[in-house]
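Below are structures written as C-alpha cells.
Two complexes come next, and they have one chain in common, chain A, joined by chain B in the first and chain C in the second.
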Partner chain A sequence: MNSLTLNGKNISFEPGQTILEAARTHGVDIPTLCHLQAADHKGVCRICVVEVQGADRLLPACATPAGDGMVVDTHSSKVVQERKMLLELLVANGDHNCLFCEANGDCKLQALVYEYGVKNVARRAGYEQRPIDDATPMILRDFNKCVLCGRCVAACNDVQVNNAIPYPFGRREDKPPVTGWLPVADYDRCVHCGECVQACPVGALLEKKALGKAMTWQTQKVRTTCPYCGVGCQMWLHVKDNQVVKVTGVEDVLPNRGRLCVKGRFGYDFVHAPDRLTTPLIKENGAFREAGWDEALGLVASRFSEIKAAHGPQSLAGFTSARATNEENYLMQKLVRTGFGTNNIDHCARL
Partner chain B sequence: MTSQTFSTWGRWVAGREQVPPDKLPSEFSKDQPLKAFMGWDGLFVHDTAVNLVDMARAYMEQARQESCGQCFPCRLGTEDMSAILEGICAGKGTPSDLDRLESLARLVTDTARCDIGQTAPRPLLDLLQYRREDFLNIIKSKTPIPAGHYVTKVTAPCTNACPSHLNIPGYVEKIRIGRWDQALSTIRNDCCLPGVVGRVCVRPCEFNCRRQRLDSGIAIRALKRYAADMELESGQEPPLQPGPAKDKKVAIIGAGPAGLSCAYYLGLKGYQSTIFEALNEPGGMAAVGIPDYRLPREILRGEANQVKKLGCEIRYGVNVGVDITLDDLKLQGYSAIFVGVGAPEASKMRCEGEDAGYQCFMTGVEFLRRVAYGERPVEGKKILVIGGGNVAMDCVRSALRLGFTDVNLIYRRTRAEMPADPVEITEAQEEGVKFNYLVAPLRIVAKDGKVAGLECQRMELGEPDASGRRRPVVVEGANFIIECDAIVPAIGQICVVDCVLPPEEVEITKWKTMVADDITFRTNQPYIFSGGDCVTGPATLIAALAAGKNAARFIEQFLTTGQSVPEESDYMERLISRLGVYYFKEKMPYADSTTKLHPPVMEPEVRVNSFEEVEGVVNSASATKEASRCLRCYRIAMAAV
Partner chain C sequence: MAGLAVSLGSGAMTNSIAEMEDAEVLIVIGSNTTIAHPVLATFVKQGVVRKGAQLIVIDPRRIPLVDQSAIWLRQRPGTDIALINGLMHTIIKENLADTAFIAERCENFEEMRKVVEGYSPERVEEITGVPAGEIVKAARLYGQAGKAMILYTMGITQHTHGTDNVKSLANLAMLTGNFGRPSTGVNPLRGQNNVQGACDMGGLPNVLPGYQPVIDETVRAKFEALWKAPLDARVGMTLTDAMTAAADGRIKGVFIMGENPVVSDADSHHVMAALKKLDFLVVQDIFLTETAAMADVVLPAACFAEKDGTFSNTERRVQRVRKAVNPPGQALADWQILTALANVMGLDWKYESPQAIFEEIRVATPSYAGITYERLEKETLQWPCPTADHPGTPILHVGRFSRGKGLFAPIEHQEPFELTDEAYPMTLTTGRVLYQYHTRTMTGRCAGVNDMAPVAKMEMNPADSARMQVVDGEFVQVSSRRGHIEVRVEVTESVREGVVFIPFHYAEASANALTVAALDPVAKIPEYKVCAVKVEKRPQPGLHG
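Our next item is the complex of A and B:
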C-alpha cells in the first residue's frame, strides 16, 4: 500500500503527501517556482508538472496527491519539452537581464533557464514595459522582472496576514488597465515587514538598503538571533567585508519559520554605528572613561550592596526589557529576588 | 446558405464518443440562427459562410479575456495564440505559425490549472488537425479576412445546472480570496435573494459539481449563505442602485420569488413596479410554505426590502381578480404585467373522505400557512403526513415543533424514490419522525366528524414508470388502519390562475397554469408576461427567481421596442443546456481525499423544541477552505450567428 513508481523506481509515500513531497522525501528533485510552503501556495507556475500514466494531461507535482500505484515520470521528454517552452515564454514576458539584476546568482528563474538550456526568443504577444514602484524608502518593486508567481501575495496575505497586497488575479477585463495582474502593494496597510521581498523568487522585489552593496556570491551568511525582542527570531546576516548588507529570516526553523518584522529585517544599522558602546564606561568627575567588564561589574555590585545595607532590600528594584531574551529575563529576576532580596521586579511588556 | 455539417464534438472526453453531425441538438439546424459552434469539447459547423479561422481567432481572444492571469501557461499561452491568430487573419501569417500554434495549444491544454486553459485550445487543435488547409489558404493569400459576428457564453457544469445560471466559480473564488462583498455582487447579478437561496435552494449546482469526480462536491449553497451572512453581520447596506428612472411602470401579480425577482431586475433598469400580493407579507410560498427553522422570516423580509429599495412598491392583501381586475391595472397605466402567482393550492389525494370536511384534516399547504402565522392548526398527539417531498418534510418537522409526540410519514414508495432533499429526510429521522414506506392512503376514518384514523393499502414496487422511478403496486388484501388524531396530505400543489386572470383574455391550460413562451415568458397578450410555478407547475425557488429575472429582460425589451423576441444568446443558452456541460462518467486523472464542508447544525433534541433556525453560521476559515476546493471548471462557448 501507498507506493508509487517514480522514474521507474518503486517508492513509498505517506497518505496525504503530494507527488512533490513524496519525490523530495526520496531525493528526487522536481523543479518549482511558485511553491511557497508556509502559505500552502502552489499550482500557479506549472513548472513542476509531471507525466502520470493514464492521465490525459500533465499534472502539477506540488498540487496532486500521490496515489497508490501511480506511475510518475518527472523528466520525460514531453515534460522537459513543455517546461522548456513555458520557461521560454516566461523569459520573453519580462525584462530578465541578469547583468543588470540584483538577484543575479540567487534567482529561481535564472537557475531554471540555465538547467533547461532555454533560449531568449521574443514572444508573439510582445512585451509592454511595466511600472516600477519606487514610492517607499525600503522596498523597490520592479514589475518588469515580476513573473506573477503570486508568492509575494501569499506571503503578505497568508503568512504575515497584513493583507497589503490585494489578490491581483481575475478576468482581464475586470482589472485596472496599467497594473493589470501585477501584485501592487497597498501602502496604507503595508507595515514594511519585507516578507514579500523574501518570498520573491526573482529580482522583482528588492531591499533598497542592499542595492549595489554586494553580489550574492560575495556574501557570507551568518546565523544569529534577532536582538530586538524576546521572541528570538532566527535570522541570516548577509555579510561582506565584515559589514551586514542584508538580513533574511531562517526558513523552516522555530520560532519564526523565516518570518521577520520591519525592525529585524531592516533595522540593523546600529551594528555598524560609530557611537555604539563597545566597552563599559564609568563616570568620574562628570565625565565617562572606558573600563573593563570586571571593574564595571564590581563597581555596580558594590554600590548596590551599599544601598541595600544602608536602606534595606526594598530600596532596590529591577526593570527588564523586551529586547532581552527569555533566558536573560529569567536571570534578571533571579538576581533581583536572590541577590537584592526583593520582589521589586517588573518588565516593560507589562506596561 | 450552403449547408455543410462538420463536427468534432465530444472527442476530448475519455469515455465519450464524437457526436456525429446528425445527432447535434435541434438548436443547431437550418432554421436556427446559430451557424457554427466552438466550445470546450470541439466544434461543429453547418454553414460554409462561417470562416472557421476567424472564428478560432475570436474564440482565442475570448479565452485570453477569460484567463484569470494566475497560471503561467494559460496567461502567456492564450496571449500568444491570440496574437498569432490575429496575425494570420490580418494576412500576415506564415506556415510556421501553425506549428507554433499547435505547440502552444498543446502546452496550455496539458499544463493549465483550470478548465479555461485546459479546454479553450481544443477547437483550435481540432481545426489544425482537420482543417489545416483553411489556415494555409489565408496565409498564402496574404490578405486580411473580415471579422465575423459571434455570441459567447462562459459556463460551467454548476452554472449550467442552475436554472438562473449563477457564475458559481466566480463567486466561490471571491470567497476564497476573502472578498464576500464581491462574491455577493456576483451572486446578485443572477439571484436577488442570496440569503434565502443560500438556505433553502435544492442546489442542482452541487449535484453537478465536477469535484464529485475527485472526492466530494463543493458546498455551494453554504458558501452563498456565508456571503449573505457576512453582509448582515457587517451591517453594510448592499450596494444597490436603481437604474436611471424610466417613465413606464410594470404591475406584478404575486410577491413570491418570481415576482420579487422580476421587480428587482426591472428596478436595476430603472423601471418602477407595483407588486399586488394576496398575503400580508412578501415571499409567497417561501414565506408561508417554508417553516422558520429552515428559512427565518426576517431573512426573507430583509431581502424583499432590498427589492423595494430599487423602486418597487408592494401592496399587501390585494387579491387580483377579486379586489382589482386586469382592466383596472390597464386603466391605472401599467404598461406591462408580470404574473407570478405560483402554485398555491394542494393537489387531491383521491382518497375517500378528503372532501368531507372532517376536523383535523388539513392539506399540507394550509397547515404550513397556518403554522407560519403562529397557529397550531390541528389538535392531538398523533399525526399522519402523507407524501415524500420537501413539503411533507416541512409538515412532519413542523408538527414535531408544535408538540405532536407521534409524528408519522406515509409514503407509497421507498426512501430511494423519495423526491425530498436527502438532508431533509435525514434531519427529520434524527428528530424522531417515523417513516412508513410502501403505504398508500385509501380512506379517512372519522368519528363524530373528526379524524380518527386512516385506512391504508400496503404497496410493493413494480416496473419503472415515466419518471424512471419504480411504480408502486397495491398488495391485495393487505389493508390496515392507522389510528391517529390528525391527517395532513402533502402530495403536491396545483395552480389556480383562472381565479386571478380572466380565461377569456389569457390562455390558460387545463391544469390552470399560464401559457407563456419558454424563452420570452410572453403570454398570448403581448403586454402580459408570466413565469415561475404558475407556468411550470410546482418547481423550485431558484427556477422561479430565474423566470423573474429573465422575464424582466423581455419586459424591458417590450417596453423599449414594443416586442419581445429571443436574443441569439438565448438560443445559445439553450444549446449549451442540451449539449450538457457535466459528464457524470468523466474519469479524473487522479484521486483526492478532501471533504465537503458541512455547516454546523443544532442538536436534534434541542431543535425540535422551537422554530429556531437549524443550520448555523459557517466561519470564514471554513468558507475559505471550502472555496479553495473549487476546480474552476469554466468552459467557453461561442457561436457564429
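Our next item is the complex of A and C:
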C-alpha cells in the first residue's frame, strides 16, 4: 500500500504518481505555472514547491515522485514565502500591467499574485525591454510578459511536434533556461497552429485577431465541432454580442485533446463575412433579385414538381453536403427519395 | 470506401485516432496528413518522437511527414498496387505472414498469393521506381511489427483503380493479422468534416441510412413504413453519372446543398456545361459560390456556428454541433429550409428541432440507435452503438470481420487511365495546402489564414524548371486534353522530375479544369490524382503578376 501524509491527512497514491498528481487526486490544490501534462513538461518555475519532511530544501510537486511514508505540507509558511518570493521575481522581471493586457482575467500569474497577496512590486532596475514579435497575421508574441515557463516550447515540440520554438537546453532536461533566452519562433517551421498560444499561462502569446474584441469575462463559450476536416476537433467558440471573437481547443477530450490546427483555430471569419447570403435569390433574365422565403420555396417546389410530372422522377437529382449536419443530410436524402421519388442522391466528396 | 466494404464488410476507419500514438509501425500512404488532417498528424508524430513508433511514408511527393519517417518509398504516381503487392511478396517469402490469423479469419488467400508471387522486389522496382532494397526493408518493418496501422486518404482513392488500391491495403493488413486490436487496421481519413455522416445518413445512391441497400426489399419495406412513402427500387445515379446525364438532357432538375462542384469536381468544364443545360438548378449555401452563381434559385443557409446538430468524424465519433450565434439576415439552417420545402411540396414534415430529427435517425439507422443528445452531453460515442447502454465501438472487426471472413482480393497492377505521351509529357497530381480548405469558400474569407496561401502555386522539380528555363514565381500555361490554366511555379524538390502538383482549392487556377473524370468503376471516384499535362512557358510572363 502506497500512502503518504498530506497536510496532516493520510492519503494513498498510485505508484509512479508525482506529489502533484497524488494531491490532485485527493482534491488538494497545488498551484502550477510551467507544468504541461500533455508534454510531460515540468520542473522549470518552482511555483509548485512543497515542504517534504526530511528533505533539505523545498521540492517541486510536479516533478517529485510521491514516496511511501512521505510527510508533505503544500501550504506551510515556508512554502508560501517561497511562492511569494518567486512571484515577486516574475513580476519584477517583466511588463505586467493587467490594465493594458489582453489576458486580464485569464492569466495564471495574475491569479497567483492575487491569491498570494503579492503587492506593489516595482519593475527591476535595469530591466531591459524585450522584443515584441508582430511578424505574422495570427499570433502576437510580447516577450515582456513572458515568465519563461517553457510551456509554449513543450507544446510546439512535444504536443504538436512542429519543432518551431527551439529548446534553450537539451530536450526536456527539467532545468530553468539560460539567461537571456526567449521562446522565439522560427517561421520557416511554424505552421500557425496556435498550440503555443493556448499553452501560454499569461498574456505573452496572443491570438492577434481577437485583440480588443472582448474582455475575457464578457464572452460566452460554446462547445462545438470544427467545420473543416474529418478529425472533428472539439472547440470552444468564444462569443460576444453575436460574434465569434476567438476559438480555442477543448482540453482533455477526444479526439483532439485540446489541440487545433491553423484552420480550426483561426479560420472563423467566414462566419461573419460581409458577403454571406442573407436572403433567397431568384434569377430573372440572367440576374438575381432578392425574394422572400415563401416565394422562393413556392417556386422551387412547383418547378421540381413540373419537371417530375413531365419527365418522371429520374429526371431529378439532389446532392447533399459533407459539411452539413447528420440531421440535415438525413433530411436531404429523405426529401430526394420521398419527395422527388428517386435514389439520385449523392454527395460531393467521396472520401 | 467501396474497397474496404468489399474486403471487410464495412467501409469506415477500423480503429481510432488516439491509437496512432501507440502503434509500433505506421504506414501513411497517399495522405499528406500534416496538411489535410493536421491534428490527427500530431498523434502520428507523437508516436514517433515520444513512443518510438517507426513510420513508413509512401508518397510520390516529399510530404512533411517524411521528416519523421524511418522509410520513405517514393513511387511513381499511380503504381500503388504494384508496390503493395511487392511488400506482400516479401512478407510471404520471409515467413512474416500471420498464418494463424489468415486460416482462422480470412478467405481466398491462395488466389491472392498466386498473384503476389509475380511481384518480386526487382520487378516492382521497375514498375514503381522504388529501389528493391527499400521495398524489402519496409516489408520487414511492417511484417515484424506486433501492431501496425495503415492510414490513407484521397491519394489512394482518387484513381481509376482506387477501389483496388484500398483492397490491396486490406490484403496487406490481413496478411499480417493487423485487425481487431488496438493500434492496427486500415484507416481511411475523411477529408471533409462530415463525409462520414453524409454517408452514414444515406447520402449515397445505392444505400439508405446505415448502409442499408435500396435494392433490398425488406430494407425498403422498413423505410416505406417509417417514411410513409413508396421508394424507388433502383440504385440512383452518382454525382458524376448525374452530371453526364445532365449534359445529355436526361437529368433536368438538380438541388445542390452546400457543395461547389464547379470547382471541386474533376473536369470542371464538363460540370459547368452539364449544369448549364439543366431546366432548373437550386443551390443552397452560405455564399454565392461559383456553382450558386449558375442557379435559378439560391437559398441562404446558416453555417456551423449558427445551428444545432451532430457531425460524425472520420473515426465514427458522433459529436455535437451547437448554435453560438444567429445566422445573418433571413438565412436559415439547412434542416429548417428542407423541412419548409418538404411541406410546400406536400410531405407534411413536423421536425421542430435537430434533436427530433436525430430521434428518427436512431430508428432508421441501427448503428446510431444507442446514441442520444443526452448521452452526448456526458460522453463521447463511436458507432456502432446499437443500444442505450452500449459504450460505442472504437475498434471494428474484433474477433470477426463485419462480413464474416476477411476477403483477400487478387489484384494485378494496371497503368493509370491516362498515361503521359509526347503531346502531354508530364504527370499532374492534385491535393491540398494547409491554409486552404476545399474550394476556399470558408478559408478564402479568413484574414491571416488566407494570407498564408493566397494564390495557387504549381510545384515543379528544379530539373524540369531548369530545362524549361522557368523561375520560381513565373506564370506558366498548363494544359491537358480537357482544358488549360495559368499558374505560378514553385520550384521544389518535393515533387520528382516529370511530375507537377497543383492544389485543387483555387477557382482562378482550377486544377480540376485539367483532371480526368474517368471513374473508378466501383467507387465512381474520378481520377483526380493522375493525368497527363504539358507545361509551357508563357511568351509574356507576369501579365497577371
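Criterion: the second predicted complex is superposed on the first by the 257 of 351 C-alpha atoms of A that agree within 3 Å, B and C clash if a C-alpha of one lies under 4 Å from a C-alpha of the other, contacts with A are read in each partner's own complex, and residues count from 1 in each chain.
In this text, a residue touches a chain if its C-beta (ideal position, glycine included) is under 8 Å from a C-beta of that chain, and two chains touch if they have at least 3 such contacts.
These numbers come from a predicted model, not from an experiment.
J.: For A:E328, select first, second, both or neither according to whether it touches chain B, chain C, the two together, or no partner.
T.: second
J.: Determine, under the contact definition given at the top, whether A:G67 touches first (chain B), second (chain C), both, or neither.
T.: first
J.: Give one of first, second, both or neither to describe whether A:A273 is in contact with chain B, with chain C, with both, or with none.
T.: In the superposition, A:A273 touches chain C alone.
J.: Given the touch rule stated above, what does A:G43 touch, chain B (first), chain C (second), both, or neither?
T.: In the superposed model, A:G43 contacts chain B only, not chain C.
J.: State whether chain B or chain C is in contact with more residues of chain A in the superposed arrangement.
T.: Counted on chain A, the partner with more touching residues turns out to be C.
J.: For A:T216 in the superposed arrangement: first (chain B), second (chain C), both or neither?
T.: So A:T216 meets neither chain B nor chain C here.
J.: Thinking of the overlay built on chain A, is A:N97 touched by chain B (first), by chain C (second), by both, or by neither?
T.: Neither chain B nor chain C is touched by A:N97.
J.: Have a look at where A:L59 lands relative to chain B and chain C in the superposition and call it first, second, both or neither.
T.: The first partner, chain B, only.
J.: Given the touch rule stated above, what does A:N120 touch, chain B (first), chain C (second), both, or neither?
T.: Touch status of A:N120: no partner.
J.: Considering only touches as defined above, state whether A:Y167 meets chain B (first), chain C (second), both or neither.
T.: first
J.: Both chain B and chain C touch chain A; at which residues?
T.: In the superposed arrangement, which is not itself an observed complex, chain A uses no residue for both chain B and chain C.
J.: What does chain A use to touch chain B in their complex?
T.: Listed in rising order, the residues are 15-16, 43-47, 49, 52, 54-60, 64-65, 67, 70, 78, 82, 85-86, 89-90, 93, 123-126, 147-148, 150, 157, 163, 167-173, 175, 180-181.
J.: Chain C touches which residues of chain A in the complex?
T.: Touching chain C from chain A are residues 136-138, 158-161, 191-193, 208-209, 220, 222-234, 237, 239, 242-244, 253-257, 259-264, 266-273, 275-283, 288, 292-293, 296-301, 303-305, 307-308, 311, 313-351.
J.: For the complex, which residues does chain B have touching chain A?
T.: Going through chain B, the ones touching chain A are 14, 64-73, 75-77, 79-80, 82-84, 87, 100, 103-104, 106-107, 109-113, 118, 173, 177-179, 589-593.
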